[in-house]
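Each of the two complexes below includes chain A, the first together with chain B, the second together with chain C.
After this line comes the complex of A and B, so read on.
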């Protein structure tokens, strides 16, 4: 016997799932298959984040070997509002990110284009150029601290040798932040260079040749052909560097520990002191959430800007 | 057939080996066979001396100790993680005296007399301001009603170091007061080849610790009487301001231009290279100044206790380490840690520690024949300093108070604010901190800014 769709009862039985539970499992299998990934995501990301949120509204003390949590949201907010070190730390962080990333982008782009244009020895130059990113940050901090040393550092010895006055690189409030930024630029220009060098190498040579045939000078070719084609890579490098610059810690910690005064105090350094030196876990968590929020906001704005740039190009 | 001279050689070698092993068997104290223990220790200037003494313990007793040598900045976190976990990987932890409050208050440690009621500190061991005791009711480090939680493996205090040759040439007597220091350093300073005086000016622990010696010498305090529960903030007193003004003048007039960022390494480097006539540095630095591989002033630096203030009183802050036993290690491990500690606290072990370059914790080592050896000529100044040196910031809020003081003092030093404003600001911030924690607090009237 056939139904309205023209199927026999035998073929209907063949097409329908065999049992109730089996049918349900089959129907929802694609969702169940996501479960391991969801569980891992929850364990590694959501749980720590939720725990951080819980910490941020609490005061955590250790009494007789046990953790004691007290719900004190206002107390932590009050600490945030009255934190005199946080304000200069935020300003310094913004200056640090803006200046260091700007210099790194300009130098990185210039270096990438220059090295890509080399007729030979590109590999050697590329390898040498990326060496600073291979040096551990602790070694970088120690090395630059020695070079910046007022009495024995190489910079001041060179200045004195040519008859100039030594400079108080890390001890002057007006120079210390700039000195730290210089180290960051030295450390991270190779990173920008590496990303952009690959992008420059990926530009089809016929485009450049066509520009030359059309009579474009080297500068015009760079400005009107190479740079527009590099835009997506520049955006990626910029986002990476900006996020990493926001999170800078080790170099500043080793070079100045935030001093003199608050002249090189950065948000992450302050966060470290609150968490690990002052042992204020609740307030530290609130500060962490604020930092995460700031980075997310920056990413959203940057994404919009990147999309706009992408549309232009 | 074995040649005759071979036999003689083998017999001689066996005799020497037997004699050496017999010597090695002669322990300073018989502690019996103990399980292996692990010690958390910082890679500090005194670590090499400590390592040698641990080697001696292993050689004498046949027991084994694993040392987890950790950079200073990571010790606290390792200790926290160990103490807060189910089972501590360490049986003994060396903690900076400032950190111990957190562990005492948190209940993470086993009182030494709970591990073995017969354990007692030898009477010759220096007390270091009772930093090893904890009175739960008073929330204070005191032997009066407190339990023995720790002992001091190394007790640092600052000493006044001076170049005997430079002072002699300028016909200047070793300074006895801070005003003498000012007069001497002003006369001796010939920058950049020679600075008059160096001490730490860097933000944080450095300036807080070094300045507090002057503060105590001028009769000032951070808090009125914390042991009695009176947390009235007194850091903005006229005496504290006088001490801060003097410290700022000393560093500005006599120190290098980067006085605002001078850390301990810089101060030691300036003294070791002969670029400073006077300096305020820890005792532990002395051994380095006598090492010709590290120092250009071997035999030229002498020490005095830190000078007196205007009223004739001396002041020094103790910066000792405390050896503690975590609560969450097994009883057998705790007993083994205590057995080693008994051995370490003997006169012979402490003498060996001194000979290896450490700072012993027993007064009888300081009055032994070692003092006659020029290598240990710092000992009389150290022992004298221990008579007036004291613990500071020994309350739960100590770490935060240090951060406040470390910043405000540094800001006054580099001229970001006046000394009066810096002390008033610090006083307000410390008072607010105590208020939050429901302490009985208040503050002195603000200084004129």
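After this line comes the complex of A and C, so read on.
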């Protein structure tokens, strides 16, 4: 018999017989090595998922600190139907994801190609590009809260200095969502840049030179040689961003918390408010399940799309 | 197209891309400089939009040594939670990645686990905060650092498993097999042979896990109160008060970026690899 590790019984016999715990740990390693991760994931994701289903058909009240569960399967569905905030939250989330990811892709790809063409200073750009990805999103929210401030923010100071009217960047219903999207673009262009820069650096220079020798202009080379070669990396970066953009919460919570009105309300912010400001755990669970379902559906569809694109290229 | 116009086009493209890169660099650094200067201004100087201004350390003194400031405690909480959860996620994640790579598991368990980590990684953590809140209250773990450590291990586990998987795959199987033929048990092989070879991966995953835990906000916001709050929660409190404490918020935010700045210089190689590996492979 060969086990999965590829050990033959002959090589097993060669093993020095060592008594006690060490031998037991070794003998059973094959079985317990996966255990910690499985236990953590079962306890903190699978069990909560099942609990979500139970919560979604219940109403949970807190009576003197104790939870009281009542089985009310229809009540949460009724809440869903009468939720006035959900619609703007979904619309804003879709706009947020679509617009910010589109800008992040275009700017990130352009920056990667531009930096790759520089004679030097590539490392400095790469070093600085890491910074927005690593600092706490809450700190990013703080920075932009200072810069967007109506009275003393840098944008309004600049506008006033050239004789224009100050703009209420975060307080006006028509501009707030755009302001928040700008922050996300600032945050994540560096990420797209990092992925695409690695891909650009992987293109054999001969290919580019050959195009130049054949008389292609810089723009033609980029469009007809570089970009097609980058397509797999572009697809991957796009999928990463499209899915992770849904997870945005911290910066928007700090900048506007969904306001003014519902103009920057996002699905995640709404979830937070339903759970922890309105204390509607049952309805929040129903919303959570809907969000998880939507993400899984998106994953399945995008996997197909990615496979299709991969086949074409 | 004659040679002259083509030449000028190539030239113009070069200049345009240089200007673009310069602007991008300025755009990345600008917000950092703005909050850095704000953190050295009195609240009044911030309101007046003064420039130039007399720099003051008072915000940092207020935040770090003020008598009513919780911030030193917040930093301690963040350091404890981030380092503990990083150590635990490295152990659990590396063991799992090695196990999935080396041993044969039934598909529902092996492939199922990997697929489920991927799905969980893409689902907003807000969806699980409700059941976590309920469960930790029932277990009397609400408002403890332990609960925060557990949840941070959970959110960093997918990244760690997938990252370590790609690093472990690069280890030549002959080395592992040779060790086993020499009589080294499976666990000893893992500990003495595989782990040292996987060190770059452990550093990359460790840096990212620490940073993500240090940065994590929504879980800490909902599962902690004053005594166990972490740095991001404290910054949000400055920003959410009725009268926003801009000066202290700025100082606290600048302090919160210190780990990222240090690691950016020390671990750049590992971070870039860690961030781009999943995408390239």
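Here is the rule we go by: the second predicted complex is superposed on the first by the 263 of 313 C-alpha atoms of A that agree within 3 Å, B and C clash if a C-alpha of one lies under 4 Å from a C-alpha of the other, contacts with A are read in each partner's own complex, and residues count from 1 in each chain.
Methods note: contacts are C-beta pairs under 8 Å (C-beta built on N, C-alpha and C of every residue); 3 or more make two chains touch, one makes a residue touch a chain.
Keep in mind that what you see is a predicted model, and the values were worked out from it rather than measured.
Asks: Check the contacts made with chain A and report whether chain B or chain C touches more of its residues.
Replies: Between chain B and chain C, C touches the greater number of residues in chain A.
Asks: Answer with first, second, both or neither: which of chain B and chain C does A:94 touch in the superposed model?
Replies: Neither chain B nor chain C is touched by A:94.
Asks: Between chain B and chain C, whom does A:33 touch in the aligned arrangement: first, second, both, or neither?
Replies: second
Asks: Taking the superposition as given, does A:233 touch the first partner, chain B, the second, chain C, both, or neither?
Replies: So A:233 only meets chain C here.
Asks: Please work out whether A:151 is in contact with chain B alone, chain C alone, both, or neither, and reply first, second, both or neither.
Replies: In the superposition, A:151 contacts both chain B and chain C.
Asks: Once chain A of both complexes is superposed, is A:203 in touch with chain B (first), chain C (second), both, or neither?
Replies: neither
Asks: Touch test for A:63: chain B only (first), chain C only (second), both, or neither?
Replies: A:63 contacts chain B only, not chain C.
Asks: Pick one for A:110: touches chain B only (first), chain C only (second), both, or neither.
Replies: Touch partner of A:110: chain C, not chain B.
Asks: Name the contact category of A:171: first (chain B only), second (chain C only), both, or neither.
Replies: After superposing on A, A:171 lies in contact with chain B but is clear of chain C.
Asks: Return first, second, both or neither, reflecting whether A:273 touches chain B, chain C, both chains, or no partner chain.
Replies: Only chain B; A:273 stays clear of chain C.
Asks: Across the two complexes, find the residues of chain A that touch chain B and also touch chain C.
Replies: On chain A, the residues that contact chain B in one structure and chain C in the other are 67, 149, 151-152, 257, 276.
Asks: Would you tell me which residues of chain C are touching chain A in their complex?
Replies: Residues 1, 6, 9-10, 13-14, 17-18, 20-21, 24-25, 27-29, 31-32, 34-35, 38, 46-49, 91-93, 95-96, 98-100, 102-105, 109, 113, 116-120, 122-135, 137-138, 150-151, 153-154, 157, 161, 177, 180-181, 183, 185-188, 190, 211, 214-215, 217-218, 222, 231-232, 235-236, 238-240, 244, 246, 249-250, 252-254, 256-257, 260-261, 263-265, 268, 271-272, 275-276, 278-280 of chain C touch chain A in their complex.
Asks: Would you pull the chain B residues touching chain A in the complex into a rising list?
Replies: Checking each residue of chain B against chain A gives 76-77, 83-84, 102, 105-108, 192, 201-204, 256-262, 266, 269-270, 273, 275, 327-328, 399-400, 403, 407, 410-411, 413-414, 416, 429, 432, 436.
Asks: Under the definition above, what is the set of chain A residues touching chain C in their complex?
Replies: Chain A residues touching chain C: 4-7, 11, 14-16, 22-23, 25-27, 29-30, 33-34, 36-38, 40-41, 44-45, 47-49, 51-52, 55, 60, 67, 107, 110-111, 113-115, 117-118, 121, 124-147, 149, 151-152, 154, 157, 186, 189-191, 194-195, 198-199, 215, 217-219, 233, 236-237, 240, 243-244, 246-247, 249-250, 253-254, 257, 267-268, 271-272, 275-276, 281, 284-285, 288-289, 291-292, 295-296, 299.
Asks: With touch defined as at the start, can you tell me which chain A residues reach chain B in the complex?
Replies: Spelled out, the residues of chain A in touch with chain B are 61-67, 75, 82, 84-85, 149-152, 166, 168, 170-173, 176, 256-262, 273, 276-280.
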